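Since the structure comes first, as structure tokens, the remarks are kept for the end.
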Amino acid sequence: MSAQTQPIIKLGVPKGSLEEATINLFERAGWKIRKHTRNYFPDINDPEITASLCRVQEIGGYIEAGVLDVGITGLDWLSERGHEDKVERIADLVYSKTSNRPCRWVLAVAGDSPYACAADLAGKRIATELEGLTRRYFSRQGVDVDVFYSWGATEAKVVEGLADGIVEVTETGTTIRAHGLKIIDEVMVSYPVLIANRDAWRDPRKRAKIEQLTLLLQGALRAENLVAIKMNAPAAHLDAILEMLPSLNSPTVSPLRDGRWLSVETVVEVGIVRDLIPRLREAGAEGIIEYALNKVI
Amino acid sequence: MSAQTQPIIKLGVPKGSLEEATINLFERAGWKIRKHTRNYFPDINDPEITASLCRVQEIGGYIEAGVLDVGITGLDWLSERGHEDKVERIADLVYSKTSNRPCRWVLAVAGDSPYACAADLAGKRIATELEGLTRRYFSRQGVDVDVFYSWGATEAKVVEGLADGIVEVTETGTTIRAHGLKIIDEVMVSYPVLIANRDAWRDPRKRAKIEQLTLLLQGALRAENLVAIKMNAPAAHLDAILEMLPSLNSPTVSPLRDGRWLSVETVVEVGIVRDLIPRLREAGAEGIIEYALNKVI
Amino acid sequence: MSAQTQPIIKLGVPKGSLEEATINLFERAGWKIRKHTRNYFPDINDPEITASLCRVQEIGGYIEAGVLDVGITGLDWLSERGHEDKVERIADLVYSKTSNRPCRWVLAVAGDSPYACAADLAGKRIATELEGLTRRYFSRQGVDVDVFYSWGATEAKVVEGLADGIVEVTETGTTIRAHGLKIIDEVMVSYPVLIANRDAWRDPRKRAKIEQLTLLLQGALRAENLVAIKMNAPAAHLDAILEMLPSLNSPTVSPLRDGRWLSVETVVEVGIVRDLIPRLREAGAEGIIEYALNKVI
Amino acid sequence: MSAQTQPIIKLGVPKGSLEEATINLFERAGWKIRKHTRNYFPDINDPEITASLCRVQEIGGYIEAGVLDVGITGLDWLSERGHEDKVERIADLVYSKTSNRPCRWVLAVAGDSPYACAADLAGKRIATELEGLTRRYFSRQGVDVDVFYSWGATEAKVVEGLADGIVEVTETGTTIRAHGLKIIDEVMVSYPVLIANRDAWRDPRKRAKIEQLTLLLQGALRAENLVAIKMNAPAAHLDAILEMLPSLNSPTVSPLRDGRWLSVETVVEVGIVRDLIPRLREAGAEGIIEYALNKVI
Amino acid sequence: MSAQTQPIIKLGVPKGSLEEATINLFERAGWKIRKHTRNYFPDINDPEITASLCRVQEIGGYIEAGVLDVGITGLDWLSERGHEDKVERIADLVYSKTSNRPCRWVLAVAGDSPYACAADLAGKRIATELEGLTRRYFSRQGVDVDVFYSWGATEAKVVEGLADGIVEVTETGTTIRAHGLKIIDEVMVSYPVLIANRDAWRDPRKRAKIEQLTLLLQGALRAENLVAIKMNAPAAHLDAILEMLPSLNSPTVSPLRDGRWLSVETVVEVGIVRDLIPRLREAGAEGIIEYALNKVI
Amino acid sequence: MSAQTQPIIKLGVPKGSLEEATINLFERAGWKIRKHTRNYFPDINDPEITASLCRVQEIGGYIEAGVLDVGITGLDWLSERGHEDKVERIADLVYSKTSNRPCRWVLAVAGDSPYACAADLAGKRIATELEGLTRRYFSRQGVDVDVFYSWGATEAKVVEGLADGIVEVTETGTTIRAHGLKIIDEVMVSYPVLIANRDAWRDPRKRAKIEQLTLLLQGALRAENLVAIKMNAPAAHLDAILEMLPSLNSPTVSPLRDGRWLSVETVVEVGIVRDLIPRLREAGAEGIIEYALNKVI
């Protein structure tokens, strides 16, 4: 049919702690999302998409119901609210407000308490924001506890004697330890996931657009942990130098006008550069420069 | 029995939007509550009380379970969480972050929508923070709707097309209208209430302490809407002047050294002073001064 | 006629540097003005008044045109915009953001410049926000200058060499001196004035309301510089003590149960208390207390 | 001539909403401007330039008068203050606080008003910051209106009933719509322009410096909307890949040591990358990376 | 001699944590001190005083040297810097940033360390801001330690293993405990003191001014912990009611027109009001009001 | 020996004005330091390092005592506290909060004072944070002065008449001049230095780690002042173009598929780009792009 126009994709962007990191990720991927103080529809510079800012807790429900077509939410809330099996999970996007590590929901108790495992908490009060996850966790182990819903500041519940244990989210454990608590078990690992409504995923034109989003978001996310390094390598030592470079990305080697040297350029993980550079220099590489990347596809 | 010491009362202080107003109210009532950035136990300058800062959503549950003895929470959440009939409701304390008016939970829809009453929303999506209240409201009217839990910014749900209606809290309706919504029904009136655990209320020594709290909190709250005015009244016009003063508080009339004048002092509502003063002056009162009060018992 | 209702008064409240001080003054006078972040109509707790927040520069024009009935603006802008002779000037209200002193528009030049009076600036560049006032000032003295309109940061214009002199507003001269400038003449004294539209002032019902506003705003403003002091005076030294008290307010003297003492209470200017109290004590007064006042009529 | 030294260029930098964006643009162009809290002369790391921070409203006047040699101001205020024909307009620099789009001055009225074009506003009140532009616009159409100068918050003038229409600046229309207004005409398109004093422009040494500024500011501004992409292309598909690349910048193709592949690098508009990358990958390109640019000349 | 004018008193006002509380105290005492952002001489509304803002650490030295005449500093730094015996100590003014309690310098160690007294720290590292006090404290006990000067965040020194113990200031111990430390000894009690240069104190005219300052600062400080309460007492129960009132301030009892009642007014400590009011009510008092005081002399 | 594990290096990171710049420098060098609000141990993503945040004044002492192994501090405080000769000075790292220039400690006096050199200040009061440096400076010149320790806001000491001169730190002299002071001598030049404990430096495994830190911190610091530029050069003009490029970095010249052109890429100082680019363009270079670098080794 001739008059068929591209359908508009309704995108859910997580509001709150992931908000800024998500907007930055979209920007590096190629989409500018601009918020307004006076309404809640952010602008997005793509006529084929409209964006809504919603809490991670809400996005799964709106996608399941088809109010939104695609969005980013946390695996934890997706599961807690029961949407996990009713939406299409497209890609895992491991990033967070402050790092690119997944977060963990853990069971924690007062540092000077005698509790060492879930069973020790039988009959006790547990405060948490994820009641469902917590109930299923204790029930899998056959331990009976009273679960209290906690509206934030969950660590303090133990400090103040309002609860005996908590199930709470953490990246590094620092906040939990800073409250004098100790972690006695890991309940769940979570990270952002890109999910789609099942009908939208079946519609080929919507699906093509969602796949474009996925490819570029993944490319931008990958680039965050990578940098480009470039150096002049003496022809005589080229093989030694190439051997040092991690094999996952094959380096680009190009001739120079001065035939005794070659230009070598490659993409490496940011975390290994500090060990790699001293070794490259020892092997004869010169003029080593490092620069940042927006995307790596 | 000799060794009986006064039991410690565990007090729940609402954290969040009521927090500052509550701490100020306690200060005027005679108790200084001082928060610390690094832990959650606020100091309170009364050895017979320990205070905990909790969300209004949590206080009812902790009081029902006896984790706390007494506290201030909102009537709305007390009812929503099902604690209303399981705690002792001691006093209504009508105050808020910005005024001393109760707040209202209302049903609102887009200003340009055709919906004019609850029944018009049959089969539609309603976003709210009070799912129970909302479900009971619609079910009382025999109207079937889909209720979505909303994590804040509820008005925006309608603006963005995520919901057809909302049940949301408001004092003056300003925020709701500023989003282009219109209110089509009032679902509930709410305000802070002082509640106690039933066992604590039955314990005579705990009850005496709770009653002292109640008397002084009420005295401090009352003083907020009252001011003292004091004037010199000519003896000849004393009766006319006394007649103008509101009858609820009997004025204090004392003789002056100059027998032609009397001193008249009374407590009046702050809202009527601007009309009262011009009339008192016309009636011959002189040297009218107004001053603020901490407490009126 | 029976159905005559009280007309609504449209009140202009100055936005910007006078805003907070004005809202506080109205509160002490008996009217609560509450701003909203999302629209510009502030609430005012009087059904006979609607309030608008406007810049002082705009209020005169809206009152002259009858768009507003009454408002507070600065004498300087009232004159600059040419409304002075076309509105009714009801009362001078000398207050400001930080003190209760009038402000002055002054002619200032670089501290190390040779200019000592207006005539020395012939042919030079003068930067100012009040072009009309500045032109009239120089023309009265027969001095020809180039006047440049300045959008704020006027003192810096001299520091940067963009202007040779400025006509700028100041309370204490501190900011001007802090830029290394010196004041060489005073051009105008200014303070807030309460003005009304001429038709509104002729309408008896509007005028009665405007007069009520005036009485109570003046009473609240007066109270800012006054405090009440109260003491027990020995009957034997009463006359000596009464003589020390400033004559403008006649003190209230009342008998005590113990006939050797009298209670003396009076209202005095806050600025003289620190000198008065030591002298009262020397004269035998005891139990001297000082308290703050909301209004003095 | 022997003693001829390079003259110092006096540069006007716009203060306020364009300030940060302008300082960033200069930094990418190669000049660091550093502000000080205690005076108004910013440092600039070029001994041939002194910089002054002035409001856009003032810069045109200072450049016309020769107080400054060159500067950036808005086309709107340049025209409003009547300097347009008295300074040299060197280059259009389309950037803003938040995007790189020009802004528009529009005629807007209440969303629910009957006004649909300028003529409908005959006899009405129009609030605006650009009185001259507004008067000329209505007079061109033979419509008589009352123009009120507005000191900011112009949209609110309609909401509060102080004006019937406004002429106001906007980028996306969002703020205007958020106040419930509708746009009924476009009055002027505006953006930053680089202007110079006519005498400075005629002086060859000053002109050379101004041209250097222009070249590098334009290069930095261009780079904001461009990114570099680099990939390894199979020799067999090189032509297909080159054909996909936009023609405006001819790509750099260099041989690799492995003769079956070539390195292709080009500069493309940031807005097309998200569509280009999936197509390049389909065509066989590998190791696609994208990186940001400071300047493109 | 005729031409003798009152000498100007140079006053040192402590900058930093005591600054706001000190400026408020002076305001209640009768002196307005106004700071400026652009210079360091605060205004004070008394032509006989000039004020300087200095750190508490510096004030003692400037007063000893006669650079300042009078000022407020902390007893701790007065002693640490060795000025204690070289200035005149006029009055103790027990107030602080957050309360009116003195502060304490304490010896603290890690909560889980074995150290229980000073002697246990022999040979260890002690971090502190008061090196002199700390050295004298350990030397009095014959314990040899290494004292490290700490530039703030002293508690963290133990947490990070940089020190074994600290000597640090605290009001309630909360911050120390929040770092997981325990207090094992009290080293010094400190509070603000009003001190004067010895020559200034000997000059009768300067001394008179300093004594006026002292009287009114003490009056204002006393008023902070006191409130006035006022009630109507039945003549029949007057004695019972008077007996309940604390004896330190003799209450003012005045007759009312209605001879069966008397007016009773007194000043009481804010901390006892919450216990006093319920008892007064039981004894028949009516119309009990409480109001705040600026000064009690 | 088999069980030898790599020892943990204890690193001191300067807290306060250098803190953010230091953390950014480490990030570009390859180490992420993440602070926590609730304790003072920042995370560092290298299992061979633990980091502590300390004031620059403290770091030297902790490194001398072996509490820390390596750290960054200021040369000024290193010398003032007497650690200069007792630690190993590894590298000078010239950076600061706002620029990459060293700072200077200067002798300054009131702008209108008669003092022109150190000798003119004999017998006067000098305020400073570096008492030792100041005493040694004056004593080298045989000038006797009273040195007062200053806790910040040192410039104000002269303005307020508390001191006759100051020895204070400055980068550009702007703050000093803004207080109306003039600089009459330079006392010391300072910048951050990387220092190590002597025992740590002698331990080969610790030293290897410290050398890796040094290499990468220097590489990252160097990159801040450098950018990469890349262009297509006509083969015919290659030599002319290469001659324009600064000799310190030999440019990378690579052949293009189109044999008439070569690709030239080099690293140049950011400060010369604005002069270089116009000349390159004149010489025939095309497609000039500039991009930023993370590291240059």
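Going in written order, the chains are labelled A, B, C, D, E and F, and every chain counts its residues from 1.
The rule is simple: a contact is a pair of C-beta atoms (placed from the backbone, for glycine too) under 8 Å apart; a residue touches a chain by one contact, two chains touch by 3 or more.
Since we're looking at a predicted model, the values are computed, not measured.
Under the contact definition stated at the top, the chains bordering both subunit B and subunit F are A, E.
Chains compared, subunit B against subunit E: the Cα-based superposition rotates one onto the other by 120 degrees, nearest 5. Comparing chain pairs A-B and C-E by the number of C-beta pairs in contact, the larger count belongs to C-E.
Note: the chain lying farthest from subunit E is D, by mean C-alpha position.
Annotation: the B-C interface is duplicated by B-E among the options B-E, A-B or E-F, judged by over half of the residue-numbered contact pairs being identical.
Of all residue numbers used where subunit A meets subunit D, under half belong to both copies. The two sides are thus made of different residues. In this assembly, the C-alpha centroid of subunit D lies 57 Å from the C-alpha centroid of subunit E. Between subunit A and subunit F the centroid-to-centroid distance comes to 35 Å (mean Cα coordinates, whole Å). In whole angstrom, the spacing between the mean C-alpha positions of subunit B and subunit D is 52. In subunit E, the positions touching at least two other chains are 38-39, 254-255, 291-292.
Going by the touch rule set out above, the chain pairs that meet are A-B, A-D, A-F, B-C, B-E, C-D, C-E, D-F, E-F.
Contact residues of subunit D toward subunit C in the complex are 15, 39-41, 52, 54-55, 57-58, 61-62, 65, 67-68, 125, 146, 148-153, 156, 159-162.
Residues 29-31, 34, 36, 38-39, 43, 45-46, 212, 215-216, 219, 223, 228, 249-250, 252-255, 262, 267, 291-297 of subunit B are the ones touching subunit E in the complex.
Listing the residues of subunit A that touch subunit F in their complex gives 98-99, 172, 174-175, 178, 227, 232, 254-258, 263, 270-271, 273-275, 277-278, 281, 287-292.
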